[in-house]
Amino acid sequence: MRKSAIALLGLGALTALGFAVAQGKSPVIGLITKTETNPFFVKMKEGAQKQADASGAKFLSAAGKIDGDNAGQVTAIENMVAAGVQTILITPADSKAIVPAIAKARAAGVMVIALDSPTEPADAVDALFATNNYKAGVLIGEYAASALKGKKVKIAMLDLFPGHPVGIARHNGFLDGFGVAGVTADTEDLATGPQVVCAADTFGDQAKGQTAMENCLQKDPGINLVYTINEPAAAGAYQALKAAGKEKGVTIVSVDGGCAGVRNVDAGVIAATSQQYPLKMAALGVAAGVKYAKTGVKAVGYVDTGVTLIAKKARSGIGSKDVKFGLANCWGN
Amino acid sequence: MNNPKIVMQAKNISKRYGQVTALDGADFELLDGEILAVIGDNGAGKSSLIKVLSGATIPDSGEIMLDGKTVHFHSPIDARRQGIETVYQDLAVAPAMTIAENLFLGREILRPGFLSKFFRLIDKKKMLQEANRHMQDLKIGIRSMQQSVETLSGGQRQGVAVARSAAFARHVIILDEPTAALGVKEGNMVLELIRNIRDKGLPVIIISHNMPHVFEIADRIHIQRLGRRAGVVDPKKVSMSDTVAVMTGAKQPADLGDGLLIA
Amino acid sequence: MTQPASIQPKKSFLERLPSLSILGPVVALVFMTAFFGFSTTTFFTSRNLSQILQQVMIVGVIGIGQTLVILTAGIDLSCGVVMAFGSIVMTKFAVEYGVPPILAIFAGIAATTLFGFINGILITRVKLPPFIVTLGMLNIATALTLIYSKSQTISGVPDALLFFGNTLKFGETQITYGVILMLALFTLTWFILSETAPGRHLYAVGNQPEAARLTGIPTDRVILVVYTVAGLIYGIAAWLLVSRYTVGNPNAGQTENLESITAVVLGGTSLFGGRGMIFGTLLGAIIIGVLASGFIQMGIPSTYQLLITGALVILAVATDQFTKRKS
């Protein structure tokens, strides 16, 4: 009895929220991210919401509970199809496992666009709006090669986790840009090079990044170049280097271009980062959804949402933008 | 006395735990149709004796006889197979389960038929009927056998535990402090229940610290002291204070005169 | 005879209610369904309702094993990842080793049953607390799943493994075989718990283990059997998992570990053991599914779903504590 009374209160309070959502026949677009907590996805959601509001579309969102939560994303797809969306934008948690659920949604007439990372196979979705992660890697690889020219280089690779295509693309792109022979965009697994002395998984997490860096320093104290999968991992690596008193002589490069990351570029924590644009992915996705609802024309293929190298010290022959540009275009806080 | 038959007997039982001698050649006799109280100071070996009789402890030496035949108990289950039921203090019932279920816990009545036996399907209806019958037999007035035991008062719970033993005991019922932690009214109810059981022909062993209760209900009183039997007295002929005096060693059993039945 | 030993049992108003613990989830569920039904045009459709059943099928079936464990006053934190391991064994055997699908399924179920048996042995023979044993097993099973699968999703699964994903269609309503299996398993478990001696013994062992032991119930054996059977049930859930998602996914099962406990608790089963109804767990699982579905369709962020679920869990446990303290 009590239980129901409280349930009544709780749900009553939510009624206000519920009726705030428009119920018209406007375009309905759903966004499914990997998690609710990662600022990258938070920003993506904000961008999508803003764009949807501006174009009069109804916007639904959902996320996996943890990174890699395929089941949660499948459930979200089903519920969104039931809710009558015409377009689903998704950042796949598991690029292979999500494919059957996407196929079912597409069979029901829903346009599915992958954001940020591709599905396997890539044509399981109508379109992909994403950063060219390989290119993002190449940019910081080239910058690092220029910055450390003439020195004997020892590299630590702080990766995402095994098997993720984005992790592989950035990792291999970096090695390619740095000048490791034989690495191309088609290399399937994590490549390595003669300069690489350590590789560890960080899951894109600051705490795990710090631990990984500590372990790498244990293995080889002479590391002077650190590749990181994203800026939280870079921040963790910097903590570990600082604790070891080595922060001055080591170059850290990263990918993302979040505001915290760009500020770390300004502070000299990160030498250079490849900035990507989640807002743009979301905005393009919503625009494509609106177009599909109004005209029935689907988006197709891969749309590169762009990547820019942000560095405090520009190097000759390397095209980069300064911190000011980075802060003007960054995402997150 | 027309020499009633000895139902259960123990001779020269000893039990040591390391340096501690709990039982030092203790004897014990239970007569047919009686309520025998076992009393003793803390450390007199009262609990050890009861554990030996209920199969919970295996003695180092000595002999236990049931209806004149020597028996060896290796566990309480062995004793139960021989028709000896013990009600332990506090631990007797599952509170969330119904009275009927508690009465038949571990000994459920199964539905007839080979398949039912194989899958061990319980016969709820029959268990309910039987539970009602037992409780009426013992004059325990509880309306529904389908209410959970936790809805009962402490005395009623004890009643359920005692009734369960009475329903299955063929030889002996052992009750460990059955009236401890009960109010006056409830305590009397349980005493009445014990009398009902005795009147139906089952001999009862009751361990208690409560002297008024012991003197109210017991036919004979076994006094345990220093690991042995100090004596067995007749509560109608010996006063409570004399009994306690023997129990604590202030008096010798021989001082009790014709109230002393066995020395 | 001086007086008849008769005392009328005292019954309070609360005790007369047909068990608060089952009434709570029923009322909550009816209320939520009505609420979402009125708030959206899409929720209260037979298509959506049948879909919710599909979505809760995995948590529901795992919840059966979890309920059995919790009824013995235990807990199983490893259920979801043990299921994931089973699903990887099934798909890997069938896809990579070319084992006939039926044998692959058996191998997967055997693997999860073995996990359950090991849990049971550690709890009953080595006398370790269930929380610790299954916490350890959570890590072990997670690691083994990732090592064995090399963190790779296994696709191209043969049809036999997808059997329970097939549907019966009644117009717009689609009931998968998996949902039917789930309902059948709940009914079977209810029957065993309510109508057989071992079922009643399970309640006694959870409620008052010492009393159960003294009446001659082999309490350790009951607990060992419960954990083993729970493992078997996680194996069946693994088959359903593969059927629903059509792949062997090494990252599966992470959220089900705790979600199954949530379902059991929402369903009114006591974490202290010995009290609860198996169908409560089904209601608990459906409540989780209804919240997920309803919130998405109303356009409310899923974080609010967590908020409400959390509040309901605390409420359910508080009710349980209240019942327990009363006795």
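By written order: A, B and C. Residues from 1 in each chain.
Throughout what follows, a residue touches a chain if its C-beta (ideal position, glycine included) is under 8 Å from a C-beta of that chain, and two chains touch if they have at least 3 such contacts.
In this text the structure is predicted, and so the values were computed from the model without any measurement.
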Farthest chain (mean CA position) relative to chain A: B
B-C or A-C, whichever has more C-beta pairs in contact: A-C
Mean-CA-position distance for chain B and chain A (Å): 74
Mean-CA-position distance for chain C and chain B (Å): 43
Cα-centroid distance, chain A relative to chain C, in whole angstrom: 34
Where chain C touches two or more other chains at once, by residue number: none
Residues of chain A touching chain C in the complex: 1-4, 6-8, 10-11, 14-15, 17-19, 21, 23, 30, 36, 58-63, 65-66, 68-72, 74-76, 78-80, 82-84, 93-97, 99-101, 161-163
Footprint of chain A on chain C - complex, ascending: 17, 20, 23-25, 27-28, 31-32, 35, 39-43, 45, 47-48, 51, 54-55, 58, 150-153, 155, 244-247, 249, 251-252, 254-256, 292-293, 296-304, 308, 311-312, 315-316, 319
In the complex, chain C residues that touch chain B: 1-11, 15, 195-198, 200-201, 203-204, 207-208, 210-212, 214-217, 274-275, 326-327
Contact set on chain B toward chain C in their complex: 76-77, 80, 86, 88, 91-97, 101, 105-108, 110, 119-122, 124, 138-144, 147, 150-153, 155-156, 159, 185-186, 188-190, 192-193, 196
